[in-house]
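Sharing a structure with you now.
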Amino acid sequence: MTKRNIVVSEATGAYIEDQPVEIVERKGIGHPDSLCDGIAEAISQAYTHWCETNLGGPLHHNFDKVQLVAGESSPRFGGGDVIKPIRIQIAGRGTPEYNGTKVPMDTIAIQAAKDYVRRTMKYLDPDKHMVIDCFAGRGSSELISQVVQVTANDTSFGVSHWPRSGLEEAVYQTCNYITSTLRDKFPVGEDVKVMGCRIGNDITLTVALPFIASRIADAADYEEAKRAAQEAIQIFAEKITPDRNVKVMVNTADQAKRGDYYLTVTGTSAEMGDDGEVGRGNRASGLITPMRSTSLEAPCGKNPVSHVGKVYNALALDTCRAIINRVPEVKEVTMQILSQIGHPIDQPLVCNAQVRTKSGVLSEETRAAVTAVIDEHLANIADVRAKIRAGEITLF
Amino acid sequence: MTKRNIVVSEATGAYIEDQPVEIVERKGIGHPDSLCDGIAEAISQAYTHWCETNLGGPLHHNFDKVQLVAGESSPRFGGGDVIKPIRIQIAGRGTPEYNGTKVPMDTIAIQAAKDYVRRTMKYLDPDKHMVIDCFAGRGSSELISQVVQVTANDTSFGVSHWPRSGLEEAVYQTCNYITSTLRDKFPVGEDVKVMGCRIGNDITLTVALPFIASRIADAADYEEAKRAAQEAIQIFAEKITPDRNVKVMVNTADQAKRGDYYLTVTGTSAEMGDDGEVGRGNRASGLITPMRSTSLEAPCGKNPVSHVGKVYNALALDTCRAIINRVPEVKEVTMQILSQIGHPIDQPLVCNAQVRTKSGVLSEETRAAVTAVIDEHLANIADVRAKIRAGEITLF
Amino acid sequence: MTKRNIVVSEATGAYIEDQPVEIVERKGIGHPDSLCDGIAEAISQAYTHWCETNLGGPLHHNFDKVQLVAGESSPRFGGGDVIKPIRIQIAGRGTPEYNGTKVPMDTIAIQAAKDYVRRTMKYLDPDKHMVIDCFAGRGSSELISQVVQVTANDTSFGVSHWPRSGLEEAVYQTCNYITSTLRDKFPVGEDVKVMGCRIGNDITLTVALPFIASRIADAADYEEAKRAAQEAIQIFAEKITPDRNVKVMVNTADQAKRGDYYLTVTGTSAEMGDDGEVGRGNRASGLITPMRSTSLEAPCGKNPVSHVGKVYNALALDTCRAIINRVPEVKEVTMQILSQIGHPIDQPLVCNAQVRTKSGVLSEETRAAVTAVIDEHLANIADVRAKIRAGEITLF
Amino acid sequence: MTKRNIVVSEATGAYIEDQPVEIVERKGIGHPDSLCDGIAEAISQAYTHWCETNLGGPLHHNFDKVQLVAGESSPRFGGGDVIKPIRIQIAGRGTPEYNGTKVPMDTIAIQAAKDYVRRTMKYLDPDKHMVIDCFAGRGSSELISQVVQVTANDTSFGVSHWPRSGLEEAVYQTCNYITSTLRDKFPVGEDVKVMGCRIGNDITLTVALPFIASRIADAADYEEAKRAAQEAIQIFAEKITPDRNVKVMVNTADQAKRGDYYLTVTGTSAEMGDDGEVGRGNRASGLITPMRSTSLEAPCGKNPVSHVGKVYNALALDTCRAIINRVPEVKEVTMQILSQIGHPIDQPLVCNAQVRTKSGVLSEETRAAVTAVIDEHLANIADVRAKIRAGEITLF
């Protein structure tokens, strides 16, 4: 019998909504760290796709090291230039050759990075504003799809919880609202940062919102655009958190007297002074939640078949969601999965779930139901892999 | 009166030692991620030292983006070469010029990186095995020592807890023991990884330990050295955790039949196949603790005066230690500090301490005593800055 | 009176057409060295244009160091990929800032390089097949247009001769014919090399001609295309050199039995295995003429106002042409101009012309006429500068 | 019978010593271009040595593309820093693997470059003042020592003449005197440039001579050192050219009033503002001689076995010297050798020698004697290869 080592226990701390203070952050898709995450994952997907198409299966790889070196720009009301391009330095490991077929690894990586920037960023042009170079080297050349039973070759954690707290939901949704809907209506870019803080019943959302210099005529224009954007965000945030008092503040670091505004040429601070790296921004949950049990794993760019850390983080989230959907008695679940080197990855060293029930008591029946969902998800771990490869699971 | 916003509450979850499962990891000083952390912090210290000596005070900087691109090597029993050097790409922001004086920023950064490697690594030679390049650019040129009241210009967290759990202590001490004492006696390098797992009363320490190829004659020699090292580590670990059952396992991924051993030319997997970045390894506590409240902040390389994330993480740890020392009733404390943009950094948005007392009850007296320690540490935040600059606080 | 130091003497060696052996080469515009030359000069022109438009005059610069690191490709009949992009490393000196205005030097340089490749190369895509990076640094910031009297700050030569010999004309015209007219009709790229050798009355033109893999179905198709191209080139070359026996040979290094053909994905060997640098290919005359007096100066990328080497090479060619046009008695002229540090550049240390007359004797009248043309050209040296800036003088 | 295609004809132009004007230049070993030449050749030698030691013979390679990107420095009387290191970018082609043995190509290249700088430059420290990186890629992996009959795979020239003219000798010897003997006595570096100009019987040697900032106390000290150095050079130059009037001028671009001196931290202008490339400085003769028949070939870094251009240039010089030594009637000889693609390299397309005899007439006997020397040198072409590999032939 397969040994899953599932441990389900009762959550013992205060419920997140009952804690006096809560702190949550999300870096938008245009933040330098998020750009690195997105590029790394886009490379992993493109590389896997190429290998499947041309070699019949994915190859081992880990493109989880991407460094963004900030450029230099001269934004001013009505215009400005990128003086020095943003430099993207792709590192990591892949396979340059398999069974005599050369894999255009560098070309795939660079084009995937450019394509990602093109479909994500409205004003940042990868050919004009960026120099993208690839330093990725040779790794293992195992064709990983042919391995029936993938074995953990590292000790890694996967961690998740579900559902999001009210503050987490507010931060997550508000940030994505800005970089999608709001961006269509206002001259703003994607390097948004939403910092949420709840003290008791009062939520403050502090938003950093980059305006596009060429589309703002002057200081008055800027102030008006900022005011209107703040209003729109306030309305949106109130809808997301009807039960709490919420206050939205935009670009609080502006100092009009000194001429300091959050003005950019391309919509991201990567154009001047803000470097980035993979795994330094949002967790796999899309949030930074210092008061939660969190994995430090940087899943983006890692191979979606055998990398335990990546698969377990995605699996933990997927399983937590399933528990909430299928075991109505569970109010909140937090899960840690730890790999066991040398064992199949569906047989972790331990899979630990802390369950908070609606009744406040963890019955044997509920414990069994939760265990069953976990066991099923471990058995069907291939489903999670497939979702990652299809880009159906967001990882940052 | 200064508004510190200190909130002291009772810890409500299960005590860490009573939880059924615990997972802790430490990456040794020679791990690619740790090398990046160490180099970044060494650059910040050397840069600050140069500025203090030549300009009368530190300059704004953030050298917290360092990327390590793995080299290529050919280790074999008795020898081997570094085929392709390890590439260190320093990024981040500094000040190339101040009041007409040119700051040799790139030279300082590269030399600091080399010096750090030289004093940390026994077999890795920065001039022979590495190419170290600096892409750091221009940032703000404010002379930050002259700013009397440093203001938070970002929303950042600092998080810490104290004391370490038994497992945490075991992982931390064992890892450091290997890279100091053990390294003098055995042909091993510094890219050690100690993964600790406690299930109930049973602790397993899984150790990855790189052997030095030139000093191991053959497979038999390797197996004997590994056995002896494992024995020494086992003895050490048992001393650290007398109250638990502890089992040490070394290089479990070895496959003698396939000739797979953890053999290196330089003592780090950075020589072949393992890339690294700042902030991807240990937290400021020196550990990776997925089951604890954790900051994602990467403190290494950031400026020790005004960078809120760096200062708050160090401050949180320092304060937690002081609480344990000075308030005997407190058994364990966890603290989060959140900055408030535009306010002095000794006035955080909230400073949140969860206290677990020996009696199980948080009395008003204890609450007041804890609050007093926190208030004092916030008031004397300059002390923490000085300790960081002197390298007295380890950050990874 | 302005001291021009003009020395006109009689040419004493054998006339080039009477020498028994003659060797001449031209590297086509797609050769890695020529690409570097073209990119360097395009950057100089774009940079000068930007400065004139935005600052009122050109700034000092020398972008005459461009390195091309070959990529890796996998051409095969019917297709193939660029595996690893071609890397262009722009170096040289420019001015990042002038009177408080930031000059987007890196962006100008990279875009100029891309634009140049786009308008020169039919199959090579700078965004898909190349990584173009700029390492150019700070040089002098003098606004050189405001300098009325430009002074030589270096000892440099300019050398030229006119007219071209019959072989030189054949090599020059044939090479350009291939990369323009022939390229429209045949699936060939621009990395053409024409090596001409004349022994007595017999000329051999050895042509290296890159075929485009995706447009050649198989070996038979290749052989047919090569045959037809060779025929077209033969016909063209015969027209150019009606007085000599000429034989064209194409891709003589092909070895059909071993499957060795000159097949490329992009039309240049830069895609695999052939690196390049500025100044390593054609001279300012567009030719490599080892049996002629030749300047080693690499004019491409240098500033067209004050760089003596660049200006003198263009001036020498311009003056030689004018002498031939205006002094009918002169059959051939070779000229060297040497700058004198610290003196205005219209006052060289020596301007040396060796004249071969139709009559075989250099009369005082002819000497005076030649001297007058030279004197006039030195006086109007600004005309040559303007022609260079307008791209009217080809330099490689 | 082997077909050597040797053509010996009478030199027809004016003898170099009788020409009215002569211009010659030499860039010293510390000039940025010379540094690139020296590094490239050192890499070729080290790589060949490694392959011979470990693989039994040399491998194909061409490391003839090295780019030096100038650093930034702040020299001042009594001291100064290197602000930004000099960047050396090694390109070219080599073989990363042969018969399963990995060749540490990058490591060899970087160490050879450092070793070369260390043994050539007195003040420039490759570990402190330079970043040396290798971008060299994969080329052909043929083991070239096993090829009995090396075949030309390219059309290349070799050109040389002997003896040097009086001016050439003066420039060559003076430059080397400065970077050896004079450097031991004066605080000067190796980035010397000697420009020689002869008009009639008057020779001017214009010398650029970098002084070492840390060893010059002030302007007066500089002026005194410069005066003394100029005097020493004058004395030396007069000894070399007893038959001509010679005048030495040092650092004529200095402008004491503006504080402009040729002051450096490291002895080379590569530390600030002067970039370099292989093949942009001295020819294989060690000189730049625009009035001579000259090869543009950059021999440094090319493989010494099969690269026609390199071997032919060295062979031409070696043969010219031998002709002068062994055929007393010959006063001066100039030689061009042109390869024939697909033919053994001892069978050139043409080997062309222009001979100037003491009697003024080229007798059949002399012609035969010259032909015999040439034929012998072509037959023993392996000797030249061995001399190159041993570093016995200087190439720049």
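Just so it is clear, A, B, C and D label the chains in written order, and each chain counts residues from 1 on its own.
Criterion: contacts are C-beta pairs under 8 Å (C-beta built on N, C-alpha and C of every residue); 3 or more make two chains touch, one makes a residue touch a chain.
No experiment lies behind these values; they were computed from the predicted model shown.
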> By mean C-alpha coordinates, which chain is most distant from chain C?
Replying inline: B
> Once you find the CA centre of chain A and the CA centre of chain C, what distance in Å lies between them?
Replying inline: 51
> When the centre of a chain is set as the mean of its C-alpha atoms, what distance in Å lies between chain B and chain C?
Replying inline: 56
>> Quick check: how many Å separate the C-alpha centres of chain A and chain B?
In response: 24
>> Can you list every residue of chain D that touches 2 or more other chains, as numbers and ranges?
In response: 72, 84, 87
> Does the chain-touch network form a line, ring, star, complete graph or other?
Replying inline: ring
> Each pair of chains that touch: what are they?
Replying inline: A-B, A-C, B-D, C-D
>> Using the touch definition from the top, list the residues of chain B that touch chain A in their complex.
In response: 7, 9, 11-14, 19-21, 23, 25, 62, 64-65, 67-70, 72, 84, 87, 89, 91-93, 135, 137-140, 153, 155, 157, 159, 193, 195, 197, 199, 206, 252-253, 273, 275-280, 283, 288, 290-296, 298, 336, 338, 341-342, 349-350, 352
>> Going by the contact rule set out above, which residues of chain D touch chain B in the complex?
In response: 72, 74, 81-85, 87, 96, 102-107, 110-111, 114, 127-129, 131-134
